[in-house]
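Chain lettering (A, B and C) follows the sequence in which the chains are written, and residue indices restart at 1 in each chain.
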């Protein structure tokens, strides 16, 4: 039989309507140190039909992934997103914080105003501040709900993010361009070049 | 580790939005016989923070009854007393014990029921009994907490109470009015005092 | 399906499932020309690049330019309306191609190789994000593959109010309250006036002894009597005026006024 604190943590997480941080749990349980109980519960539930998982430092119970085929319902609860919205979400997640102009530089098209709204309404993207450059554009980042929804422990858990970083594919084109041309110029000993913009880059 | 059917029953009951009968569960899980799994799960959860219970042949998870108190948490919030509540508190303090009707006679406006509730929630006012008049209205007085909150040794320490008394401002409104008019009449009768001037006459 | 393998038809449904399943490289050789299906010219370029079936790092920009221009050309031949940005990209790519083919020493900065490199870098970045989105949406998702508790009891947070009030607020509230509700006593002053009754009496008595027209003011009590009280004089005038009207109404007096606001004369009515 689990001890009282473990039982209390178990009950609180079952009853909670939202994922809870260890701090929130502790506050609910009179300031108790809940870390060991969380570890114990996660181990206990590891092979059960329900798991205790941590996403973005928030804990919650959810059904085991291998049971998905049994639990799918006729009416899907997930939001259907447009292709544009899925791409914008990926760009925000992999590049955050990121401005609308930076999103558009990657996609090569304007982002319709509704696309970011849909992602914010879903609770996956939020405004985190402004970039301190002329115009002070707002910048976007993902939320803990985004991590929970996609089952990510943290942004480091984003599929392939390490490879993308290593390949420089998360750096802006200008940076990558300069790095590459500096290398070749060192070989060619050329003069300097002001890069001409692609038509839609200047748009 | 529980078998797959037990895990599936566990997950299905966890994710269900309402209690499920064994038949509904079985239908959901491809017609499997769920009875043994339910028995096994009920036994497994018997002493945990969450229980598997059956009510009216419907099964559901519930937090353990002995932990119910842990699922509620108090949060303290400092709030400033409203103007109306401050007035009512002052009236109770200066005139106690006092009924709601008396408070309203002094304020000249109706007192919303919530106002006295707030003062009682604050622990500054309490019901001390009933006035032995028709209707037996409840009468209110201040508490020791009231004195300590305002740093008073007793009600006699209320700042300005002596001045207010000397100014005749602590008598019930009707008495004050009658005394005032009696005085004027007496003055007029003996002809020594100038009658009260109307405000616009003196202007 | 046209002879050259172009298929002008409905685009692949741009829905999530088709998108989740695979990037659209695997659609075979038939190219679905539906510009609504592309997210702009860069998207179209990327899709064309993928059709080269090599690593994006190894694509031939020249071949890609040809494919893009050929694609847009065929769309124009079919009189499909193309958004301006697709045409701008086509023109820019045509320029890039000619620059790439020109002898090197006639070229200006930036070199066409630099332009091609930048295009290449952009395609790589967009391609990387497209793949990332596909992998992200292929994960187990809450509400589709994983489920949270269906009917959570909920954690309750009971708010307890800690009420606060300053003693000055308390006492000043009381002082202001008392000042506000202090009984205001209105007294009407006992004024010295000439009543209507006495004016009637005086006017009747005086009319009885005079027969000629007389001004109303001549009926007033001697000024010496009220000299120190102009308010009493006004009262006497007002009462006498009303008394004169009353006597005229009763047929006991006649009134005459020669002009508006002029002196009012009266005399005993002829019997």
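General observations
Operating definition for what follows: a contact is a pair of C-beta atoms (placed from the backbone, for glycine too) under 8 Å apart; a residue touches a chain by one contact, two chains touch by 3 or more.
Since this is a predicted model, take the numbers as computed values, not measurements.
Taking the mean of each chain's C-alpha atoms, the chain closest to the overall C-alpha centroid is C.
Of all chain pairs in this entry, the one linked by the most C-beta contacts is A-C.
Comparing the centres of all chains, each the average of its CA atoms, the largest separation from subunit C belongs to B. Taking each chain's centre as the mean of its C-alpha atoms, subunit A lies 34 Å from subunit C. A separation of 44 Å divides the Cα centre of subunit A from that of subunit B. Among all residues of subunit B, those that touch two or more other chains are 11, 14-15, 61, 63, 71, 73.
Within subunit C, contacts with two or more other chains are made by residues 147-149, 153-155.
The touching residues of subunit B, when paired with subunit C in their complex, are 11, 14-18, 60-63, 71-81, 83, 85-87, 89-91, 93-94, 106-108, 118, 121-122, 124, 149-152, 158-160, 164, 169, 173, 176-177, 180-181, 184, 188, 195-198, 201. Looking at the complex, you find that subunit A touches subunit B at residues 1-2, 6-12, 14-15, 27-29, 47-50, 61, 63-64, 67, 70-71. The touching residues of subunit C, counted against subunit B in their complex, run 147-151, 153-165, 167, 169-171, 173-175, 177-178, 180-183, 185-190.
Residue ranges on subunit C touching subunit A, taken from their complex, read 14-16, 19, 39-43, 85, 88-89, 92, 109-111, 114-115, 117-119, 121-122, 124-126, 128-133, 135-137, 139-149, 152-155.
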